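Some notes on the structure that comes next.
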């Protein structure tokens, strides 16, 4: 019982991180139909920026995170302009390969500038807290709370504001969006900005419980892709729930089935879900 | 109000429009007639900024609007109801309409009124307001497209074959609506296959063939022209 | 930080002599193929760092003399992204275009892929891997550089059992090295009367969070935890175990360095009671002091064993070449390794390598350290 | 001028160059790299069949490559089977597994299929990685034998291995050419263009997709088996996701859905990445952007770009302006 | 009776798009389906051609129940269709589009392709001949090598006809073939439909162009809100009060006459 609770909490923590990464990905994938494999690189860069702002400029964790959101968001915008905008008429696989090119470049760049070594990010919330017999650190609670808050804000933004609606409209008919006076370019850039920002938040939150290194994006990106697919592409609730499903599958699978095979369990689960619902969990059927 | 001077448009190497000269005056209802592939939609796309002219000038309300992006043109009052409808299929009817009002999104009151107006014009839209646009029948989608275009309170509305795929009863209604819109002060440029109905409500018309304007005149003149009767109205 | 990885830009590897060679001097190309990009780049850079230092030093000191001619070294390093097929291509290239008599390969996959043709193409593999199989295939031109780890197992276990108890939870890295360790440790631990209460491994390149597995391991109430892998993530595992209330000791496999772990954790509190390999900087003596200082100055960090062993191996090969009287007869060089080892100047002996073993491996005596009362204490055999 | 470089002649010239290549150079490194590139080309042809012609982008093909490689490795090393028998069995095993997976995976379409197969590929990789009892896990399989001799022909030397691989490559290209130029190929293209429409004109799309999927896994498996016998050591890495991305890169740069695209793309990218070796750890700094530029400026690959250029030139020559833009023609053609 | 629907019903969620429709199509006739937008006409087609499974009811073709069959199996039985929004292989040429239309009548597979069997050669020729034959029939021979994406709306409609005809159908279902086509060309399409009938093909079409339909159809069915509200000859339909109110309106009647 005890262990179940503890592992549920662990699953929740890691699921929150997955969800945040997946959200950024689902926005770009769902809206601009770009399978942005470079999203993992944005995540990585986000971790580095927060770390650098903290260590070399001595900024507080939150301020560093905030700046990192802005910088990585802008990096996302830059990526959209230079790489994806020229490719918007190309078939979707092209985006994928271009994104891989960007990923390789960013990783190499970070390694070139900062070195390949692991770094750890200090957190002001390192203390251990015991709640209901669970051992947790404040940082982990912070991850969960922040992730949920961010998700709610994003949901409200997309559902309740015209700009949010415009983002969704773009996803369904780019030319139609032009016709009602939406500046598709601006929306594309905004989408990438939000997506980059989400990656930066996710990285800033999770880095203190893991490490910062050039390959850190690989840890999450594949999983994030899977999440947005099972959730249903472009579906915000899908990305969130998918993230938690994966988080729980990993922590509970590792505990009650097999630690060695926990990744296989998680991926098999996803395959099973897709086998039963070939279009994901949250897609309403309109063709 | 709208003035095209010597406008040419290329699709890649293919010349789709050649030296088009066309004007629409404030408050007018002008119809473009032409066979399939003549270039009507291309004219519309060019005016809306979706295609860029390779040559020539486009003026709207005495300002050069050549090269402006589509969203700026919508803001300045040119709205198109395009061929193929271009709806947002997974959004509800109501959301589609709301987005139609994107350019005056600050004015909540007006958007509300406009939505009401659309519902009055096409009652089926009210009935289906919470359905996804993609699930509507072809004709219903066409109505939604017209309704959405009106949401932006256009000064000039471009209607590209609005009656396509509509039941006869609805076609009548649509033409009435167009007339209504025009009477309420919106300038209309209309492309139609249904020349008969179109010329009845239009002030003037242009006939376009193979990317060139071959004839221009008052509705009645065109209506009485034998060749036009044969080609566009049917025996 | 790690920009300059070769002594001289190796060009495209198309030239086999380097411009630096002066009149009457000859150049020996030394090959390297390891992960210089991608997830394992950190490891690759460390191995290359040691080689590079040795090569620079030798060249700056005027080269070395073989058969009356002065030779200088030129390090040609290629990236293989940790992929065996790339190592194979790289090795072919190094041999064909640079005529390298020696190629350093720091991962077993690459070593296997290269062993397919190194006898035929007559070059020596400077193999940095603990995999016993690399010497079992009867490949006469492979030198295993790092020590066998099995010597650590008994003393490490003894120490932990004595101090904390007999129940161990195993959580090493899931790399091949980690598995080797675990597989050697498990029977030994049991043989010594211990009990393995949890067996698992952590994949540092795939796992986002270690809380889950550490929670599961601690559920079994172990007295000792066996951890290891690169120092930083290992440190993180240790930290999370402490956060989850673990009070016992850590048996740390040699890939992780106590000093680096201490640095990551910001102090020795959390690793109190750990046993691990003696960090290079904690066993400074005349032979390696200068190396440690120079390396730190150049790379902005203390050298780990990968760097140290590669550094020393380079000197070993140079001395062996001298002894063999040839810079390209790979068999002769191999045959003269023991002589070479004995001839390494005292101030280049980073580790007390005792001998070159029969099967072509280097033998290094036990080097062990424990953390007691907040200090890293040397417990190596020679110190006892 | 231009009729000298027509299809048939250029194929003969290419084949001649490929056959003579080992005699012309004495640098075994080139031979080694070229052999490897050919092996990957075979697998990329597999990817091209299902992704380029049938239009279902599979990201599981690194997995099938690995299944081919491991099947051969295990059969020869652990079961000590004759090499050729093992080669045949390796292909059979790969296609059998491919068939099973295809049966389920092809229920999904488009992006879903891509990511579904990405998951499947990753699961294959994980199984190889974790199932130590069978695959030796991270340690990998060593001591895979070179192809056993057929009569007097031995396959120990790099040159003979090169010819062996070249033989298979030519065979594969020949097969692919025949298939895609037949009614079956047309059917695949129809499914790619619109599965819905293909169905309404009476094509059993599921059956055809499955067959082309199985066919593509066969090529991937063959490539993998040859790889194992060439490198003679395999680890789980051969099945990692990166490998399928590499294949995809070769395919796209060469020209997806074209006959020569896989060959050209693979050779070019392999050559490029070998040439950039002098940059060592910074090579991705250059390679990444180069890739992006290639993709942006040659969206239809080298072969597609060439076709487009030729179409334009021909049109200019003929000086005919039909009621159509050539740009559109060639762009839509892929 | 060539084709018959019995109590055919389709619901999408709460909406019943086709509601309990009994209908019969006679061999060798032109049958038309009309009705307001959203009446369920296209859905009705989708049910017959196996595109959607019906919620209840059945479709009987030549005496066999084809309701459970997949769309490709139905096509093989000789039922062809076109779509409301022209649906073609946009990237291929007109000819290639049509060639593949005959694929369902061929048998050669991978084996034939690899070994270039005589059967493959024969069938390839068959497909080509068929393609030229139907292109000739619809009058598109001169556009055969144009990519579909580059031909006019009307030529696309004809290509869609040709594609349907290439499957050797016994009956074709045409969904608004003349939408967006100008009057002169509309007449051309009408002629084409008549020509199909003389060739022995049964035609069933959806259309909003009353003028055309009234001159063309032998029998008309009117749908409204998924229900059949009338059925009969053009003359009967024109004068049916219910139809006038629901669909034709004053102007429609005028045009229909």
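Think of it as A, B, C, D and E in the order they're written, each chain with its own count starting at 1.
Quick note on the criterion: a contact is a pair of C-beta atoms (placed from the backbone, for glycine too) under 8 Å apart; a residue touches a chain by one contact, two chains touch by 3 or more.
Quick caveat, the model's predicted, so the values are computed rather than measured.
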Quiz item: Measuring centre to centre, with centres taken as mean CA positions, what chain is farthest from chain A?
Solution: E
Exercise. Averaging each chain's C-alpha atoms to get its centre, pick out the one most distant from chain B.
Key: C
Practice problem: Using mean C-alpha positions as chain centres, tell me how far chain A is from chain C in Å, no decimals. | Solution: 36
Practice problem: Indicate the whole-number Å distance between the mean C-alpha point of chain B and the mean C-alpha point of chain D. | Solution: 49
Quiz prompt | chain B and chain C: spacing of chain centres that average the CA atoms, whole Å | solution = 74
Practice problem: Between chain A and chain B, tell me the centre distance in angstrom, where each centre is the average of that chain's C-alpha atoms. | Solution: 42
Quiz prompt | Multi-partner residues of chain B (at least 2 other chains) | solution = 37, 135
Quiz item: chain A: which residues touch two or more other chains?
Solution: 107-108, 111-112, 260, 263
Quiz prompt | chain E - residues contacting chain D, complex | solution = 49, 51, 70-73, 75-76, 80-81, 83, 87-92, 96, 99-101, 103-104, 106, 108-110, 112-114, 116, 120, 123-124, 127, 146-147, 149-151, 163-164, 166-167
Quiz prompt | Of all residues in chain A, those that touch chain C in their complex | solution = 3, 6-7, 10-11, 13-14, 17-18, 107-108, 111-112, 114-120, 128, 135, 137, 140, 206, 209-211, 213-215, 218-220, 250-251, 254-255, 259-260, 263
Quiz item: chain B touches which residues of chain A in the complex?
Solution: 162, 165-166, 168-169, 172-173, 175-185, 284, 286-287
Quiz item: Within the complex, which stretch of chain E touches chain B?
Solution: 12, 34-40, 42, 84-85, 152-154, 176, 179-187, 208, 210-211, 246-252, 255-256
Self-check item: Contact footprint of chain C on chain D as seen in their complex
Solution: 27-29, 32-33, 36, 137-140, 142-143, 158, 227, 231-235, 237, 274-275, 277-278, 280-281, 283-284
